[in-house]
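Two complexes, one shared chain (chain A), two partners (chain B, chain C).
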Partner chain A sequence: MKTFFSLLQKKLFAENAPLVMLVGLCPLLIASKTLISGLVMAAAISSVLIFSCVVISLVRKLIPDNVRLVAYMIIIATLVSVAEIMIRAYLPTHYVNLGIYIPIIASAGIVFAQADNVASKNGIVVSVIDGTLTAITFSIVIITVSFLRELLGSGTILSHRMIEEEYGMSFALSGGGGLVILGMLAAVVKKINSIKKSKKEGE
Partner chain B sequence: MSFSDILSLSLIAIFAENIVLGQMLGITPFLKNSQSMKSAVKAGVSVTLTMLVVAILAYVTEKSIIMPFRLDYMRTVIFVTIVAGGLCICEAILRKKSSYFAEKTEISPSYIAVNTAVLGIMLITVNANLDFLSSVIYAFASGIGFTVAIIIFASVRERLEYSDVPKAFEGVPIALITAGLIALAFSGFQGIKFM
Partner chain C sequence: MNKKRFSFKFDSDEKIKFSLSEKKKNIIYSVLTLFIVAIVSAALLSGVNELMQADERNKNDADMLEVMKRILSADEYRKTENGFEKTKEILAVYEAYEGEEIKGYCVQVEVKDYTDTITLMVAIDNEVKVQAVEIVAMSENAGKGIKAKDPQFLDAFKGKDNYITANKGTPKDKNQISVISGATTTSKAVTEGVNDAIAVVSQIKADVASVEKETGEDAPETNEIPTETAPQEVAPETQTPTEGNVGEGGSAQ
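Take a look at the complex of A and B:
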């Protein structure tokens, strides 16, 4: 359990997928206008990440190296289609809201980077643990960003009013506002990383 | 389709609905390839050409395979197969034919497939039910929009290298904030009516 938390810490700060490695920003920015759509996107990406790790680590020895990219992308696209059909069936209002942005996950960098860097080189247990940690990291980031954007932009949290409507900043709801909030979060993560590094060097 | 229709459609695609700064597609390659002007231009041109070809293929498969056989649920898989498979074949041919390309093994055109803008343009043109000419123009203009955005951003980043940024904001964070401010500037185009 202790190693799990230290691994999670490493994933969350030193190797943060969206804020340090800059992958998966596209679904993150699009789905973070409201907290509930952020939660739906977090669930979709997490399930795709974990199942793609399972499938790819199982078939990794059967795929020749030069067609590996195509094979991984087809596997990921199949899983994304499954997620899309599930969302269409159980959460139809969110399917309408997110529109083309659920199939977009199929070419998002975060799933592919995970498949290419981890699942293609390791066994099923290691890749699933790593995939779960990446999914947790992504979920934490998207939930934070969507919380801030909904609170600042429309003054609500899960449609409960927190701030009067006339004080909402519409900039936070636009894509540019999302990028600025992400930049602030990236600065926080970078600061924590540098504090940790200086602590390690001091010991 | 008159000339003014073509002009307004391409202006909408380049400025009002800019693929990166308006619709937030393809942000990752936008940030990663804008380190220098050279790589920015390279990325812009390759994405524009890929988008043009891919939009034609998307229209053809949508009309000849997906619609007649009611394969809506397979659309993502079919489109991803077209993009990734097509780029993989291109790469194989290039490696066989061009000695310059075979030596520079670190360049891999297949990685253009891992760009949400390319899959995005296929889904946008198909979902909006554009006709053939409009979808080709829209895709090409979106590619130009990507190129314009990445060139602007690369020139800003070249200046950022020499500016005094707070330590925690160096590198990625200031790049994200700058991209956000450029997107804010681009959102000014959304109010203009091009018709």
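Take a look at the complex of A and C:
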């Protein structure tokens, strides 16, 4: 359990996928206008990440090295399509909102990096743990960003009004606003990282 | 370049031949692997899709039913295809039955503001008065347009029975509503959708009236139906199902 937390900490700060490695930004920016769409996207990406880790770590020895990227692409795209069908079936209202953006997960670097860096080199247990941690990291980031964007932009949280309508900053809802919020979060994580590093050096 | 490679291939050196065949084996193995991966993926996808599709259709109908129950409560809702001109904006028209009597209509309309598609459910009663308007689905990308979900705006449609115009400022006319500031295009699109729904229901009403007259006494066919829609509506096969409903409705009246 202790190693799990230390691993999570490492994933959250030193190797934060969206904020330090800057992968998976496309779905992150697209689906973070409202908290609920952020939650749906987090669920979709998490399931795709974990299942792709399972499948790829299982078949990694069967796939020749020179076509591995293509094969991973097909596997990831299949899992994304399954996720899309599931969302269409069980969350139709969110499918209307997010539908055309779900397939973009297939091209998101976060899944692909995970598949090629971890799942193709490790056994199933290690890859699933690592994939889960990446999924948790991504979910935390997208939930934070979408929370801030919805609160600042529309003044609501899950469609409950929090701030008077006239104080809403519609800039936060635009793409630029999303990038600015993301940048601020990245700065915070970077600061924490540098503090940690200097502490380590001091010891 | 091409020629050189060609000649190289046929150079019958023992070693080169061996490495070539090894490479070929690799290629065949890779192609086969990819083929199998693709086949398995396709099979999985089609299986999942097949499983989900039926479920999805039921779910969608159930969702619509829930929305209709909320905005126009009745015992039963029956989808109707007759008596109106089909356009791509009108997704579905439901008759709301209370017992055997038609209580009103629910029209599912799809409208576009400048970027997004909005699906509306409009409940209209027998006097062609709007009972309620609900936004069933709206793309998240709407951004500012999301304001159109404001119940105050949607309530303003209640009781309207004619072509509605959306203007800025306070409404002066009975069939006028004020647009949401900052979401003018969306407000106008929603208003257009409600107008479409009103038009459809008045067409159905006109059709019912004309069929009624026809069954009663041999009245001319195209009575209150405006212009080009007329020939379609009085086509013999579209009449027969409506007649039954009209008989029931008429006797109750």
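Criterion: the second predicted complex is superposed on the first by the 203 of 203 C-alpha atoms of A that agree within 3 Å, B and C clash if a C-alpha of one lies under 4 Å from a C-alpha of the other, contacts with A are read in each partner's own complex, and residues count from 1 in each chain.
Criterion: a residue touches a chain if its C-beta (ideal position, glycine included) is under 8 Å from a C-beta of that chain, and two chains touch if they have at least 3 such contacts.
Quick caveat: nothing in here was measured; it's all calculated off a predicted structure.
Novice: Please determine, from the superposition on chain A, whether chain B and chain C clash or fit.
Specialist: fit
Novice: Counting only touches as set out at the top, which of chain B and chain C does A:Cys26 meet: first, second, both, neither?
Specialist: first
Novice: Please name the chain, chain B or chain C, that touches the greater number of residues in chain A.
Specialist: B
Novice: Once the structures are superposed on A, label A:Val70 by its partner contacts, choosing first (chain B), second (chain C), both or neither.
Specialist: It touches chain B and chain C both.
Novice: Contact-wise, after the overlay, does A:Ser52 reach chain B, chain C, both or neither (first, second, both, neither)?
Specialist: After superposing on A, A:Ser52 lies clear of both chain B and chain C.
Novice: Name the contact category of A:Ser81: first (chain B only), second (chain C only), both, or neither.
Specialist: both
Novice: Check whether A:Gln114 is in contact with chain B, with chain C, with both or with neither, and answer first, second, both or neither.
Specialist: In the superposition, A:Gln114 touches no partner, neither chain B nor chain C.
Novice: Once the two structures are overlaid on A, work out the angle chain B-chain A-chain C from the Cα centres, in steps of 10 degrees.
Specialist: Taking the centre of chain A as apex, the angle works out to 70 degrees.
Novice: Where does A:Gly175 make contact in the superposed view: on chain B (first), on chain C (second), on both, or on neither?
Specialist: first
Novice: Just checking: does A:Ser154 make contact with chain B only, chain C only, both, or neither of them? Give me first, second, both or neither.
Specialist: A:Ser154: touches chain C, not chain B.
Novice: Looking at the overlay, what does A:Ser139 touch: chain B (first), chain C (second), both, or neither?
Specialist: A:Ser139 contacts neither chain B nor chain C.
Novice: In the superposed model, how near does chain B get to chain C, counting Cα atoms only, in Å?
Specialist: So the smallest C-alpha to C-alpha spacing between these two chains is 6 Å.
Novice: Based on the A-chain superposition described above, do chain B and chain C contact any of the same residues on chain A, and if so which?
Specialist: Residues 66-67, 70, 74, 77-78, 81, 85, 174 of chain A touch both chain B and chain C.
Novice: In their complex, what parts of chain C are in touch with chain A?
Specialist: Contact set of chain C toward chain A: 26, 29-30, 33-34, 37-38, 41, 44-45, 48-49, 52, 55-56, 59-60, 63, 119, 137-141, 143-144, 146.
Novice: Using the touch rule from the top, collect the residues of chain B that touch chain A in their complex.
Specialist: Those in contact with chain A are residues 21-28, 31-32, 73-77, 79-81, 83-85, 88, 92, 110-111, 113-116, 118-120, 123-124, 127, 167-177, 179-184, 186-187.
Novice: With touch defined as at the start, can you tell me which chain A residues reach chain B in the complex?
Specialist: 19-20, 22-27, 29-30, 66-67, 69-70, 73-74, 76-78, 80-81, 84-85, 99-100, 103-104, 106-109, 112, 171, 174-180, 182-184, 186-188, 190-191, 194
Novice: Using the touch definition from the top, list the residues of chain A that touch chain C in their complex.
Specialist: 33-34, 37, 59, 62-64, 66-67, 70-71, 74-75, 77-78, 81-82, 85-86, 88-90, 92-93, 96-98, 154, 170, 173-174
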